[in-house]
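You will see chain A twice below: alongside chain B first, and alongside chain C after that.
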Partner chain A sequence: MNRREFLKVAGLSLAGLTGWQTFNLLSGGAFAKSLPGVQNSVQKQWGMVVNMEACSRKAGCNDCIDACHRIHNVPDLNSPKDEVKWIWTASYDKVFAEQDHAFSNKGLKNRQIIVLCNHCENPPCVKVCPTKATWKREDGIVMMDYHRCIGCRYCMAACPYGARSFNWKNPRPFIKEINQDFPTRTTGVVEKCNFCEERLAKNLLPACVEACEEKALTFGDLNAADSELRRILNTKFSIQRKPHLGTQPKVYYTV
Partner chain B sequence: MIEKALIGTRRYWKWIMLLLVVGIIGFIFYLQQLREGLGITGMSRDVSWGLYIANFTFLVGVAASAVIVIIPYYLHNHKEFGRITILGEFLAVSAVIMSILFIFVDLGQPARVFNIILYPSPTSLLFWDMVVLTIYLMLNLLAGWYTLDAEHKKEPVPSWVKPLIILSIPWAISIHTVTAFIYSGLGARPFWLTALLAPRFLASAFASGPALLILLCLTIKKVTRFDPGKDAIQKVSQIVTYAMCINVFFLLVELFTAFYGGIPEHRAPFLYLLFGLEKSITLVPWMWVSIVLSCISLIFLIIPEIRRKENLLTTACIMVFISIWLEKGLGLVIPGFVPSPLNQIFEYRPTLPEVLITLGIYAVGFLVLTILFKVTTTVKEEASN
Partner chain C sequence: MYNAGKVITGIIIFLIIVLSPFWYNGLTGKTAYVPLLKVPDTAKQCVESTQYMKENHMELLNSWKETAVRQGKKTYTAKDGKTYGINLTGTCIKCHANKEEFCDKCHNYAGVKSYCWDCHNYPKTGAWEQKTAGSRK
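Now for the complex of A and B:
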């Protein structure tokens, strides 16, 4: 390495370091103002708690589902075989089958529960992907690269929550109104909930959380002890889907 | 040496034409699948793997079973196997080619297949399966071809071939173990989450693969002047017998844990498979056919007087092959997805395009096999003259 090369490398490294700090300061600072309980020092870990009682107050309400599917260009294929869904409902006795029993409260048994990707601490889908097309970000969001996915569907086999959908056919003709701010997907790739990372980047709450009039969904940073999310988890009894599998879901449910 | 595949009887060319036609029909439907997406298959959001992955799994077993003729000849010096080792290796070659094709047609974005190499992911068993299958294909192709080439030229086999053959023995075990690990490491799928899966895969492989090899040897004996030898076929049939017994034993062991253990999520897929769940019984008749065929084939194989009669052995081998194809193909893949993670039951039925694409791949595999076997038998015929 000659002097000229050394200067180049050293200069770039320095610029990188300061640039990174500036970025951290800017983005972290901006986040802290709008999202409750976010600190700069610790890495954020996004999580969500679903208040199952509040969620069931308005019968037949699909506000969160509609909001999510609208902004993410999720097609409406109207077929259980080919359908794509990021957030949907299933009855309590299916979602929490291991908790349900013959004499459990009738109202609870048939209650429709919101389900979505759990953004697991140990995501099995990430482990099995042969192309790293799905990965876990530092803030815990399990992401998808629709351009790298080869459509082998190993992640779908590995997900214990059925959170992933495959584009069995071209989704575009089945999107009612295309949102130009979010990519549509192509045939033959897997997709799922992204915890609205594109909105978080703009300091906005996930679309489902925002859309819920009953305030049944609470989103926040699990690493921030003073967040509303942590307050709820600290004061109420909460459960997770299939905790025995060791995936450590970051979507919690309060009864 | 390959030119020997270009000279054949009328019957040989008819067979080649038949395979080509089936292959082309499959390819035409594959083009439709490329255009419209995998939605033209019976696979669904809940049952997201089907006939393709089932055949992939089954054929990796057939490929691995080549060791059944390699071990006795190269490690135990059983001379009678010498006549069929190359056949075993070439069967492995065509089975691996079919396996890889089945994975390929199952991809939603086949144009991006090289992403597996561009972004190697050592935590993914599918990545490792690609690695071990590719190497296994090369090992068997090189070993088979150069052994045959030496025989053709009446020269000793090149010294570098034997290490490859020896390496192919543990490698065969590895391909099927890795294939089992694709399934048996998924906490999401209680049906597959069993340490017994890899041993079960090997047992069923060592029954179904050699059963097919016997059928092929008997066919060769009929249509060519090369005789693979009664001794070799009888020895292989003993191996099929042992492997089939172990396979059935493993299945019963699995059923014991599922039903006596009684854990609902572990038991449900077995119930679906054998008796149906909530009136969904698509797989049930197929599984009982598989069970009945296993039992009858075991009777045929275990009684020496029956096994030694070539026409009855043929029947037994056909039964073993179909029984294991059902058990290890659809019977393994589909119940992994039923009931779904949300305890729903969605039934899978392959569609016509899916079946034709599957047959097309088998045609391609058998075309490769026919060409390799044609060269082999012609060289062997010439050598014995």
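Now for the complex of A and C:
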């Protein structure tokens, strides 16, 4: 084979390879679906919207937090240093620090906002986990596999929302009443909200959504154009936490 | 051999003393000891055949864990077509409610230590045990 023939064959093979990928991409084949950013239209993408006004109606209400922490055996360590939390509150000027300014509405400034894991589209925690103990499911839920967690806490450093807690102590003595249906955690693992993955599998709404009497939390499929979630996002002004970081949170807030 | 009689007697006495635990167990019938397991009387059959469970329950549980947690599939179809919810507490321990007299008894005998119960729950004499030092570090 001389040089000329070799180049011809090589060129043709290359064209063949890319041609196949192009065909695949345009026809929506498996290759197209494997690309980031190309959504498989049938796959659900779970999301949540928090109505901040409705959430503030009942002062001091912790119904959602209580429900979540009860069913997931989240311990109450009663110390900010060791605290373990899946869903909690923080004041507006902390949650939306970049929105807050010297003259922002006083009532809003001090308002307690409900916060939880944002189940980001681009989760930084997943990128840094050395054991794949945390990963993003196809339905968008950022899951924890406690069996694989080695407690290195890289994910906690990576999460810009402080949504992850480390078990410094054996949590069991600090759980008022253990819910037998959900395992506890142990010393040395990181934990966080799982969007009630175990309840979704049974066609139940997340516990926090169900517990809220003011209906301040709406959960649903972001890919379903006719969902209540999409209707709210479509008709109201919504914000996300730290959108400039590019994590693309799937927990939205309406003012 | 110099002093052969004394050396050989010494070796025999040494062997008798060193091997005495084996003699003792052999004579008292303890070598034939197998733990008597409390099998549930609420059911006749395990998830899979008893022989399969004896040999493979750790592998089965490992694949249950992968299927339920990583693949999000929460039911298991056994070889005989029956389906079970994938749940260590809710399925295995629902039948084998007496974990101490079943899982633990055999594990102690075989020298197996599983850390699953640091997190997974099981009933202990009616109340849910809360005090074990839940640490695997």
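Quick note on the criterion: the second predicted complex is superposed on the first by the 214 of 255 C-alpha atoms of A that agree within 3 Å, B and C clash if a C-alpha of one lies under 4 Å from a C-alpha of the other, contacts with A are read in each partner's own complex, and residues count from 1 in each chain.
Please note the rule applied: contacts are C-beta pairs under 8 Å (C-beta built on N, C-alpha and C of every residue); 3 or more make two chains touch, one makes a residue touch a chain.
As the structure is a computational prediction, the values presented were derived from the model and not from experiment.
Enquirer: Quick one: classify A:Pro80 as touching chain B (first), chain C (second), both or neither.
Expert: A:Pro80: touches chain B, not chain C.
Enquirer: By the touch definition at the top of the document, which applies to A:Gly151: first (chain B), second (chain C), both, or neither?
Expert: In the superposed model, A:Gly151 contacts both chain B and chain C.
Enquirer: Please work out whether A:Asn170 is in contact with chain B alone, chain C alone, both, or neither, and reply first, second, both or neither.
Expert: both
Enquirer: Does the superposition put A:Ile113 against chain B (first), chain C (second), both, or neither?
Expert: Neither chain B nor chain C is touched by A:Ile113.
Enquirer: Going by the contact rule set out at the top, does A:Cys212 touch chain B (first), chain C (second), both, or neither?
Expert: neither
Enquirer: In the superposed arrangement, does A:Val50 touch chain B (first), chain C (second), both or neither?
Expert: Neither partner.
Enquirer: Per the contact definition in the header, classify A:Val142: touching chain B only (first), chain C only (second), both, or neither.
Expert: Neither partner.
Enquirer: Which partner chains sit in contact with A:Thr187 here, chain B, chain C, both or neither? Use first/second/both/neither.
Expert: both
Enquirer: Touching chain B in one complex and chain C in the other: list those residues of chain A.
Expert: 151, 170, 186-188
Enquirer: Give every residue of chain B touching chain A within the complex, in rising order.
Expert: Going by the criterion above, the answer is residues 36-39, 43-46, 48-49, 103, 106-110, 112-113, 115-116, 118-119, 121, 123-127, 130, 182, 186-189, 264-265, 336-337, 340-344, 346.
Enquirer: Chain C touches which residues of chain A in the complex?
Expert: 137, 143, 145-147, 151, 170-173, 175, 178, 180-181, 183-188, 197-198, 201
Enquirer: Show which residues of chain A lie in contact with chain B when the two form their complex.
Expert: Residues 80-84, 90, 93-95, 97-98, 115, 124, 126-133, 148-154, 156-162, 165-170, 186-190, 245-247.
Enquirer: Applying the document's contact rule, which stretches of chain C touch chain A when the two form their complex?
Expert: Spelled out, the residues of chain C in touch with chain A are 65, 69-70, 72, 74, 88-90, 115, 118-121, 123, 128, 130-137.
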